[in-house]
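Down below is the structure, laid out as structure tokens.
Chain naming follows the written order as A, B, C, D, E and F, and within any one chain the residues start at number 1.
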Amino acid sequence: MTTSPLTHFDAEGQAHMVDVGNKSETARRAVATGRIVMQAATLAMIRDGHSKKGDVLGIARIAAIQGSKRTSELIPLCHPIPLTRVAVAFRIDEGNHAIECEVTAETVGRTGVEMEALTAASVALLTIYDMAKATDRGMCIEAVRLLEKEGGKSGHWKAD
Amino acid sequence: MTTSPLTHFDAEGQAHMVDVGNKSETARRAVATGRIVMQAATLAMIRDGHSKKGDVLGIARIAAIQGSKRTSELIPLCHPIPLTRVAVAFRIDEGNHAIECEVTAETVGRTGVEMEALTAASVALLTIYDMAKATDRGMCIEAVRLLEKEGGKSGHWKAD
Amino acid sequence: MTTSPLTHFDAEGQAHMVDVGNKSETARRAVATGRIVMQAATLAMIRDGHSKKGDVLGIARIAAIQGSKRTSELIPLCHPIPLTRVAVAFRIDEGNHAIECEVTAETVGRTGVEMEALTAASVALLTIYDMAKATDRGMCIEAVRLLEKEGGKSGHWKAD
Amino acid sequence: MTTSPLTHFDAEGQAHMVDVGNKSETARRAVATGRIVMQAATLAMIRDGHSKKGDVLGIARIAAIQGSKRTSELIPLCHPIPLTRVAVAFRIDEGNHAIECEVTAETVGRTGVEMEALTAASVALLTIYDMAKATDRGMCIEAVRLLEKEGGKSGHWKAD
Amino acid sequence: MTTSPLTHFDAEGQAHMVDVGNKSETARRAVATGRIVMQAATLAMIRDGHSKKGDVLGIARIAAIQGSKRTSELIPLCHPIPLTRVAVAFRIDEGNHAIECEVTAETVGRTGVEMEALTAASVALLTIYDMAKATDRGMCIEAVRLLEKEGGKSGHWKAD
Amino acid sequence: MTTSPLTHFDAEGQAHMVDVGNKSETARRAVATGRIVMQAATLAMIRDGHSKKGDVLGIARIAAIQGSKRTSELIPLCHPIPLTRVAVAFRIDEGNHAIECEVTAETVGRTGVEMEALTAASVALLTIYDMAKATDRGMCIEAVRLLEKEGGKSGHWKAD
């Protein structure tokens, strides 16, 4: 095979924003996830934040939604995409002292929204880090990955 | 203790950008890391890219540096910080089919640059994902965390 | 009724960017207005600016147009929208020592442009404040509101 | 007097970003306010949002803080300023069916932060509008103005 | 003829973002070019950069692509446009000690992408200047212009 | 000599944002210029615009000032710099059917503002192109270069 499967490069190996002008506008959806692992005490503080000390997850959710809209500014070869829906869910995993974040992004467009979902999840987790770092610098972001992708020529894909 | 250790919230639990006006301007440095795990074939493609098929890591490095400058736009309660240095190193980990990214950020300012280093590392890894996703959607970003932090009142901190 | 009329929140009260993927692309238009009240001498200076001392309103108009394009970055749950027209008109209200700003925004899209028109009007008035604040810090922005809205399922709406 | 008091223009009436290089770096503070007037039912919905249906004011607060950091991008002749503190308070005014927003912005710099405080207040109020507009399009933003300003050569100023 | 051919102004001479809502969405393409002239030694350094000392042109290419996506933020009356393709080619002109940059931009939209191509070319050349300025401050950017334009009502245009 | 004079690359040829943390904060100034050449009729239209048909140069001036503030977002390895002054002058060159733009940028900081001045000049000229392109697509941007630079270790530099 002579063509590189790295589609972001042309035949000479030069980066480009690949042509999606001939692709049809279809409904596209991507789901990404990731989690941040922390000390048990940090997790307790964040969980309690919902009631009275400060809503860490509410702020991380807004940061994720706003971050999804900046994806094409952050990821050099991403196309600008008019997102039609972004939803962010958090799940507290007491057993592993972790907070899991799941982002669903949707558009009706010529290319997929995987990067928008992944970027939003990353920004959510970084925002949680920022808000709790004064007490727990050792927090660790793990398992940021695509869960599912629908729409477009490549069809439905699900992570194992 | 009556004050929440979540310093991004005031006594009523309302988020604010905390006052750093009284902190002195000192040299500050932060080092963050993270890695992206992929199939062996994907890693081979990216590694070869350095020679002729397209420079994935060179592009991810630029994305990381540019991303570091957008940190305060992405992370809601971060202060805008005039970075004085950003350096990004990649290490190919053949054994684990992974690429490791390490970012060093520096400033002379009133608050630390941990978030700048962590954001840059995340953007680098997301950019690698973007450029290789056409062949390997299952790539996974792991272990994004702070390695070291210097400067300011809290002094030198190193991850275990 | 069990659903909140606050459509920006889901059933659990979590914020999301609401799904507009099923809405059809139609021509949409919104008109917003607002005014800034000032001292008589300040108004005279700005009015004269058109001829020789500096074009305050010309600059405010450009700021408004540029601001309209940043709406989805500023307002967290707004969808990114490809504006097809933005026009900004100023009217000097001598009797009340005020400058009135009216913005018309249009798109062909899946959701309305009310926020784009309102944001543009706000940025125009803030820009006027900025340019005249050295002599009149007490200026006051008043009556920023929607005048009219057309297109989409909810049809034509006009303020009383 | 031959010089225009519109300091954003030079002797020929051309706009410029005025020279602040000779001003000393001092602690500066500005307080701005504004309010949004709505139907009684809308106010009740937003007030209840704090408990379970969706935290409108929490989101508006984050939007305000993020907006304050974009001020020099929105207001053409503003200098970029490294904010050292931003705080946003809301007060529910049941009698007038209004929500009042007060923003305090601070820096240690060469020029004041009035525009940062005013921009943040405007963005907070616009965000409230956005989140409640589905049920109350007639909401009106009123009385966006500077309350107080400290620091720099012009000293302390308070609105009447 | 009473209408100004400066279409960005209305009948009263006020700037506006012109209405493109009635134009049809068609495939559009623009090609722009420009070059930067430098000392022979500077050109040699950049050319060698491809192999081992640093990839100036690779970085300029990424800057160009990212810059193209910011066009409507930089050029006040430009419409936001969802680019579907951006490609950047460099040619080393040994005879004139120059590097030539050619950018092709494409969209399927209601207005052309000339400004996106020209902005990308400018950003590429400015980035080259930035990276080599430590040794050659006298470099000069020349001949930034449109080469070709296709699509839309005005049809195909080519520079002489 | 073993070190590359391309200071934006480290010893291994990897791009970085170079360390300026040890440089002292001094007053710095840069002057850049450039021009756009057009048909005689286009120049006449723009020149007349000052009086009644639309103020092309006033808008280009604002675009230049706003563009100067985005320099570090556009040019990958530029440091973020708090500009303390930006001034933009235009000169109509009837003989050559050209408009010349000269930008002066200043800061008190750790690194120079050449790129800010050059970026502003480029954005000004691109904005003129945008506003007149409907009648003159063949306009050409020429001679964008640094005229002068002061401050910092390298001292005063002037173009020949």
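Here is the rule we go by: a contact is a pair of C-beta atoms (placed from the backbone, for glycine too) under 8 Å apart; a residue touches a chain by one contact, two chains touch by 3 or more.
Please read these numbers as outputs of a predicted model, since none were measured by experiment.
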Each chain counted as touching subunit A and subunit B at once: D, E
Identity of the chain that, by mean CA position, is farthest from subunit A: F
Contact-richer chain pair (by C-beta pairs counted) among C-F and B-F: B-F
Chain at maximum distance from subunit B, centres defined as averaged CA atoms: C
Subunit C and subunit D, separation of their C-alpha mean positions in angstrom: 15
Separation of subunit B from subunit E, taking each centre as the mean of its C-alpha atoms, in whole Å: 31
Geometric centre distance via CA averages, subunit E-subunit D, whole Å: 36
Per-residue multi-chain contacts in subunit E, two or more chains: 14-15, 55, 58-59, 62-63, 66, 70, 73, 76-77, 80, 82
Chain contact graph, described as a line, ring, star, complete graph or other shape: other
Contacting chain pairs - touch in the sense defined above: A-B, A-C, A-D, A-E, B-D, B-E, B-F, C-D, C-E, C-F, D-F, E-F
Complex contact set, residues of subunit A against subunit E: 10, 14-21, 72-73, 76-77, 79-82, 109-110
Subunit B residues touching subunit A - in the complex, by the definition given at the top: 4-9, 13-15, 34, 45-46, 49, 52-56, 59, 62-63, 66-67, 70, 73-78, 114-115, 118-119, 122-123, 125-127, 129-135, 137-146, 149, 157, 159-160
List of subunit E residues in touch with subunit A within their complex: 27, 58, 61-62, 65-66, 68-70, 80, 82-89, 106-108
Subunit A-touching residues of subunit D, taken from the complex the two chains share: 55, 58-59, 62-63, 66
